[in-house]
Structure formats: structure tokens, C-alpha cells
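Here the structure comes first, spelled out in C-alpha cells, and everything after it is commentary.
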Amino acid sequence: MSAERKTETIPQWKKEEVDDLVETLGEYDSVGIVDITGIPSRQLQKMRANLHGTAELRVSRNTLMHRALDEVQDGLEDLEQYIGGQVGLIGTNDNPFALYKQLEASKTAAPINAGEVAPNDIVIPEGDTGMDPGQFVGELQAVGAEARIQEGSIQVMADSTVLEAGETVDDQLANVLGELGIEPKEVGLDLRAVFADGVLFEPEELELDVEEYQADIEAAVAGARNLSINAVYPTAQTVSALLGKGAGEAKSVGLQAAIEDEELMPDLISKADGQVRALAAQIDDPEALPEELQD
Amino acid sequence: MEYVYAALILNETGAEINEDNLTNVLDAAEVDVEESRVKALVAALEDVDIEEAVEQAAAVPAGGAAAPA
Amino acid sequence: MEYVYAALILNETGAEINEDNLTNVLDAAEVDVEESRVKALVAALEDVDIEEAVEQAAAVPAGGAAAPA
Amino acid sequence: MEYVYAALILNETGAEINEDNLTNVLDAAEVDVEESRVKALVAALEDVDIEEAVEQAAAVPAGGAAAPA
Amino acid sequence: MEYVYAALILNETGAEINEDNLTNVLDAAEVDVEESRVKALVAALEDVDIEEAVEQAAAVPAGGAAAPA
Amino acid sequence: MEYVYAALILNETGAEINEDNLTNVLDAAEVDVEESRVKALVAALEDVDIEEAVEQAAAVPAGGAAAPA
Amino acid sequence: MEYVYAALILNETGAEINEDNLTNVLDAAEVDVEESRVKALVAALEDVDIEEAVEQAAAVPAGGAAAPA
């Protein structure tokens, strides 16, 4: 209904564009808003091509994207709060976590220019710059790096944070970073939010700690094994351990009781021999011991 | 081990570890449920402190929980 | 851990560890399923070698020190 | 553990570890035998090399056999 | 070791570890029972705390799990 | 362990490890000798290479839990 | 070694480890007893806590490989 009304107020091409966006949105289980700020259009084309098969990227006017999301509703309107600046719509039938991972992995490093705001802390890493001694050491020190000349070259003695996230890069720092070849920016499609099957995810929720999951699985498996063995509920995976446990228990009882069993004899003899040697070790007088027990 | 995992899920949710509940969970995973294994599991877990049995390494000196009859 | 246990049941049965299957198992255990956790688990397991994790856990007695309550 | 011990006895005598034999041994010890546990044990043992499991246990030093009798 | 296992079953059930009971269990397993071994076993176990001995076995990883890396 | 020690004394002297000799040694130590244990010991040692068992004991550091292979 | 084993037998039976008792045990094993060695052993053991020494050795090295099949 509302769509009908809107079509009267906007030009035909806009209507078609919105319809098209709506149609696109309908094709995907998950829809997200990505930040494309600063990505040159040629690079954007390449990124779009790389996503082919897993996700579709649509760039349109923000107002039209608002309109399209609003039209679809179903919760997608919640994404509107993330529209702002240069953004695009991204749709995928993949798991949103997988989408996030793919986008993160496809980000590339880029140099930062004077006047730009640092997206994260900028660090000049410890190490040999490979540069010959010269005035550059002073420039490094001026931007806050712990640099000195050592063994014939300019070295940074410790990881040095030269600019904090949110601060603006000045000419001098841009120059130093350029000389060092440090590219502190990550350029790529930056996922702001994804709406997937009724659930809205922000980036921090989409970043998975795979190691933690691995650890959880190991803990779960180990716990199940413990339970199976401790409760003596044999499974194909634990019955060997239970048999081993039973055999070990029998052996322990057999050895403690010195049970005259053929299987236990070698161990009982070993035990006796060990005891003789242990006792002999406490005896200082060689006269009291046979040769084989003397040190 | 799927039977044990099923019991552990029920244990986490606080649901009773009985034959019906275990069977439901296993059914949902499309396990071809063997009644005797379900029964055996319920019987084995009857007098067991599951938390403790899960945490206690199966191979470690038994303080008490180790060898329930 | 109930989500992980559910995944392990599916792993044992050879069923695909996807959102539907996980949700079914958890539903059957009357877990109040959080879709986002299911999604996250499915995604995370794409990068985890479950068999390896299972073997790893089996090789090492879990629990470490004896801690009988 | 009585079910496991019973299986180990049968293994030593070379008798088949089946439900009947296990039940006989346990009955003789006046164990209140639960059929389901017997079944579960037999099922679990199906693909297991008992000799190997027992030998591995034997290869491990028996826990500090402290106070001699 | 079948004689020792028989003793362990009796120990679990709480039955007395005497010649008759041991013989019954071993008979049921179709062991060709040697009276003198049964007698010797009873005598050997007389002064041993079986529970303690069993628990000491648990100090060692059952199934020969190698020390964790 | 006194029965085992007695057997090892006989082994050292080169005397036969039979019931009479074992009984003599144990009698001399005023052990209240149980014939059945003596019998069982003789039987158990029949196929055991005592020298080998002793050597293996010497090869393994006593007290140290040898790492299982 | 036989002298030390004889001492261990006496230790187990609770008999005093003196020259007479040691000599009796060794005689019974038809050892050609050397009096000076018996004397020396008795004297040497006077200050030794035999129980402790024996227990230290009790973490038995497994003669696993020697176990008859």
C-alpha cells in the first residue's frame, strides 16, 4: 500500500530503482550495510567481482536504500540506522559470520595521507629500518618513535605508538610512514550491520573466536568421555578405556595383595627386586651387601 | 557418544535425564535410537553427580565419585 | 555448552551441522534456542576440524588434577 | 564396573562376550543384572580390540602400590 | 587374572570374597576352577584394602593415554 | 610379598622353586604358611623367566612412572 | 641378594631381623651362610626404616612386556 503512495511522489527511475533494490533484498537470507568510504570505483568493481557467487553488493542513493528497506519491512528497516556516508547494501545467503569473515579477509592495507583520521592506533614496529644513518632518525624521533642509530643503520628500539585512533595524521607523520612503507589503513568493505533471519548483528558480534570454539569442543568431548567412564556407561569410544581401567584396577589389587597369578608374576618380581634395591640403597656397609647391590 | 551428549544437553537445561527426554533429543538428531542404550544410560547416571563426573578426569585418583556401582 | 553438545551429536550421526539440525536437537531438549548462537556456531565450525578436536580431547585425560568435591 | 569386570573375565577365558555369558557371570555374583547395561556393553565392545585395551593398561605402571601387605 | 576380576565383581556387589562366591562366578564364566588358586586368592586378599588398591590404579591413566603434550 | 621373596631367594641360590623348598624357607621365617598360596605361586612361576623380570625392573627407574609408549 | 630378601621376609612376618632368624631362613634355602655378612646386615639395618625404603620402591615399574599373553 505504502509503495503505491510513494510511487506518486518520486520519479519513475527512482521507483524502478527502489523496486529493483526491493527485489534484490528479497533474494537473500541476510542483508547488510557496508561502508564503502574511500574506495575508488574501480577497486569497488573488483571487490564486487570477488564477491560474486557468495554475496551481492548494491550501491545506490542513501535515500533510495532507506526507501527500499522501509518497503520490505520484516525487520530490515532496523538496518536504516546504519545508512550514512558512503554505504552499500550487501545481500548473501551465506551465514552472516562467514560474510563478515570474507569481507575482513579481503581488506587490504593502504597508506594513510596527511589530514586523514587514524582508524586505529598507528604503530611503528621495533626493528631495523634498513636505512642508513641520517636525518631520518631525527624525523622518527620527532613523531615519537624510539629510534637510534645502531650497527650502521637506523633502528627502532621498541614498538612505538605514534598516533592514536581518532587523531589526525599530519604531514610529518604521513611522510615518515611513507618512507617506512607502513600502510596503517585497512581498505575494504566494512560491514556495519547485518540482518539475518530476524536477527540483527553488529560487527563485534560477527567476529568469531574460532579457537574458543575449538576449545569448547574439546572440553565437551573430554567431559563426555569423563562422564562415560566415571559413570561406567560404555560407548564405542570409551569402552577401551573402561577395559583398561578394569585391568589396571585388577593389576593394582593383584600387586598389593601379591596374588599368585601368572600375569602378575613379572611385576611382583620387579617389585620385590625394586624393594631389595631400595633397601640396599639405605645400607652403608658394603660388608652387608652382595656385590651386585654395592654402589 | 551421542547418547552421552544428549544427556549432557539435558543436564545443562536442567531437564530430567529420563528415557523420554533422551529419546526426543536423539530423535531430533535423527539417531536411530536404541531403547536399551537409552535405558542403560539412565541406569548408569542414576546415582552419579554429573557435574562432578564430567569434570573429574576419568583417569585420576578417585576421591569418591570415581567408581559408582 | 548445550549448543556444542548438539553439534557433537550431529557430528556423531554424520548429519550436517546446520542451523536447522542444531535447532531441532536443541528444541527437542527444550532449550530456548538463540538463533544468533546457532548461526555463530555453524559459522565457527566451518573453520574447526571437529574430528581433530575430538581426537585431541580423547588423547588427553581431561580435568587435570584430581578435584573430588 | 562389575559389568566391565565380567567382560574381562570372559575375555580371559576366551568365551564370547555376549549377553548370555555376561548375564551368567553377573548372576553368579548375585548382581541385580540390568539387561540394558549388558546390551550396551556388548554393543560398545563390538568393534573394540579387547586385548589391545587390556595390554595398554598392563603396560602402564600400576599406581603406587604403597603399603605392602 | 580372571580370579582377580571375579574378586573385584564381588567387591563391587558387596558380597563376601570367599571360596564359594569366587567359585560360583568363575564357574559361570566356565573357568576350569582350581581350588588352590581360589584359596590362595582369598588368603592373599585377606589383609588388603581392595577399595584403596582400586583407587590407586586410577592414579594412572587408564587405556594408556600418554602424558599430555 | 613374603611368598615372592621366598621364591626369589631360591632363585638366587639356584634351588628349585617347588612347594617343599618354598615351605621350608617360609617356615624358617615362622610364616604361617598357606599351602594354597605356595601351590599357586609355583604354578604362576612355571612359565615366567625370573631373570628377565628382574632385569626389566632394573632397566626402569624405580619410582618413576615410565612414560607409556 | 638372598640376605636382603631374607630380611624382607622377616620384616613382613614381623619377626625380629636378627642373626638367628636370618640364618634360619637362609639355611632353609640351603644358602651357605656367611656369618660375617649376616652380622653386617643386621647391624646395617638397625638404623634403616625398612617400611619406608620398601614403600619408596613400591611405585612398581611395569614389566609389561614380560606379561604372558
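Order of writing sets the chain letters: A, B, C, D, E, F and G. Residues in each chain are counted from 1.
Convention: a residue touches a chain if its C-beta (ideal position, glycine included) is under 8 Å from a C-beta of that chain, and two chains touch if they have at least 3 such contacts.
The model shown is predicted, which means the values in this text are computed figures rather than measured ones.
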Chain at maximum distance from chain F, centres defined as averaged CA atoms: A
Most distant chain from chain E, judged by the mean position of its C-alpha atoms: A
Distance between the centres, which are taken as Cα means, of chain G and chain D, whole angstrom: 37
Inter-centroid spacing, chain F versus chain D (mean Cα positions, whole Å): 28
CA centroid of chain B to CA centroid of chain G, Å: 51
Computed distance of Cα centres, chain D from chain C, in Å: 31
Residue list for chain C, restricted to those that touch at least two other chains: 1, 5, 8, 60-63
Multi-partner residues of chain A (at least 2 other chains): 220-221, 223-226, 229, 232-233, 235-238, 240-252, 255-258, 260-264, 266-267, 269-272, 274-275, 277-278
Chain B - residues contacting chain C, complex: 1-2, 5-6, 8-10, 12-13, 15, 21, 24-31, 49, 52, 55-66
Touching residues (chain side chain D, partner chain B) in the complex: 1-2, 34-37, 39-41, 43, 63
For the chain A and chain E complex, residues of the former touching the latter: 229, 240-261, 263-264
Chain G-touching residues of chain A, taken from the complex the two chains share: 255, 262-263, 266-267, 269-272, 274-285, 287-290, 292-293
Sites on chain A touched by chain B in the complex: 220-221, 223-233, 235-238, 241, 245
